[in-house]
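The structures come next, written out as structure tokens.
Across the two complexes that follow, chain A remains constant while its partner is chain B and subsequently chain C.
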Partner chain A sequence: MLRELSSVFIALFLVVYLVQIYQLTKGPDAYIAFTQKLSSPGWILFHVVVLLFALYHSVTWFQSSAVVLPVRLGDRLVSRQTVTALHIVAWVIISLAVLILFLALKG
Partner chain B sequence: MAEPTITLNVTRYRPGQDQVPTMQAYAVPYKEDWVVLDALNHIKDQMDGTLSYRWSCRMGVCGSCGMMVNGTPKLTCAAFLRDYYPGEIRVEPLVNFPIIRDLVIDMSDFLDKLKSVKPWIIRKEEKPVARGEYLQTPAELEAFHQFTQCINCMLCYAACPVYGLEPKFLGPAAIALGYRYNMDSRDQGKEQRAVIGNHDGIWDCTFVGECSVVCPKDVDPAAAIQRSKVDTTKNWFKSMLMPWGER
Partner chain C sequence: MTTEKTTEPLWWGLFSAGGVVAAFLVPIHIVLVGFALPLGWISDSGALYRIWWVKLYLFILIVLPLYHWGHRHYFALNHMGLKSMSKLLAVLCYGGAIIGTAVTAWILLKV
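Moving on, here comes the complex of A and B:
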């Protein structure tokens, strides 16, 4: 049931994120004031908890994908652990690519 | 030296006599190799013959003895006393089902739903006996074999929070068994199992996955349901994009 609970935290984060984006429309001062509020220890803790739940949600999602979509290589079934591992590898590679792109564009 | 005992707190409900279910405590002998079912049988034989519960094979193949043991749906023939000793054990009827008496629940809802998925081989054309058996390769058998292991114990229905909230939900075991026949290469009756693809079929499921966690036979009904979602969606797109396909 932990996976169900993780969705609640991700939804809460989404609300905060939407408010943050909305602040952008109110001008740079409003946005900066809001992000400074988010730097308080309470909010940092909230985001750490959300990150942990998001990581948990992602890993369990990859495990579920292995169950839902059995992968056949010829006659044999690819093992669930292999499918999950491949998902995680792809996830890490794509995340690194995005990070590198972000750092490169930041200049 | 006194024999060690373990306390079982068991739900009692006598229709016509009790207004609501209550708990009754029994101190049964603690034996290392006993399961909860042994304890219940001891209660019935030696202590209180009025206790009612279902059981049969006592070896995890008949599916009769499903009950809540300390809040978890279990086969009582597979729940060892030593895993709970010296704590107390709470034995309650399977949740999400009406109670008939004590630990006996009314399973007619499940039986109706099981019948609705037509859990038998459906052929468009029966092969005459003289022409021999339906042949199947090992790979074809593997495609549905794990879903044949269901013993209809209904632990998955007790574990499913969706079934608890929405009694019309077809439920894990019925869908898994419908899927078992849909995946059987001998079967040609997929269209007759349309109830699986309805709103109260697979689409009520939110993939909590507790059904597969409690299943004592590793049937993995959650997998059957999600794979059915993929299959029915693919078929829907195929029928939309290629309506000239065989129908």
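Moving on, here comes the complex of A and C:
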């Protein structure tokens, strides 16, 4: 049930992100004004809740991937904990790459 | 019934692709959009959203999780005893994701 709920919050976040990008059709000022609007306590709380659900979704997704897609090395089965840990390492690297790209491209 | 059988792998494929995108990519975007920009850790005027491959990336980032959501809710609501409304649920869940796809494409092309 929590996982069902997590996808609702992720979808809500994506809608907010899309609305933010839409502001650019009215010019950079509208975009900047919208990003500033998100600094109100209500929106910060919303994003805290969304982030917690998203992290829950990520970790449980990595755990279930380790069950659904077992990894073999030769004839040895890699333990589920190791596969989950490798997913988390890949996730951290991907997140850093997105962050670096955003910092490099932002205007 | 035959159409349901033939389209089901497609929805499952979109479901898992959406799950992967949501798991690996969404949290860092929540940090950027929800905290870094509003709280002034990073400033941005949105110029990067005009780059074509950034648009393509955002299309994947936004659209695939919508199918993940649609597919998950279609089955969750069916299991919750709304099976008699199965057709309506399919229209709402998958239709919602398809409308979301069109709206996302329209906005990204317009920016």
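The criterion applied here is as follows: the second predicted complex is superposed on the first by the 96 of 107 C-alpha atoms of A that agree within 3 Å, B and C clash if a C-alpha of one lies under 4 Å from a C-alpha of the other, contacts with A are read in each partner's own complex, and residues count from 1 in each chain.
Operating definition for what follows: contacts are C-beta pairs under 8 Å (C-beta built on N, C-alpha and C of every residue); 3 or more make two chains touch, one makes a residue touch a chain.
In this text the structure is predicted, and so the values were computed from the model without any measurement.
With both complexes placed on chain A, chain A has more residues touched by C than by the other of chain B and chain C. Of the two partner chains placed by the overlay, only chain C lies in contact with A:L99; chain B stays clear of it.
Contact with chain C, but none with chain B, is seen for A:L38 once the two complexes are overlaid on the shared chain. By the touch criterion stated above, A:V67 is placed in contact with chain B alone, chain C being left untouched. In the superposition on chain A, A:E4 contacts both chain B and chain C. By the document's definition of touching, of the two partners only chain B reaches A:D75; chain C does not.
The intersection of chain A residues touching chain B with those touching chain C, taken from the two complexes, comprises 3-4.
Looking at the complex, you find that chain A touches chain B at residues 1, 3-4, 64, 67-70, 75, 77. Every residue of chain A that touches chain C in the complex is listed here, in rising order: 3-4, 7-8, 10-11, 13-14, 16-18, 20-25, 28, 31-32, 35-39, 43-44, 46-48, 50-51, 54-55, 57-58, 61-62, 90-91, 94-95, 98-99, 102-103, 105-107. Chain contact summary for the complex, chain C toward chain A: residues 19-20, 22-35, 37-40, 42-51, 54, 58, 61-62, 65-66, 68-69, 72-73, 76, 103-104, 107-108, 110-111.
Residues 139, 142, 161, 206-210, 220, 222-223, 226-227, 230 of chain B are the ones touching chain A in the complex.
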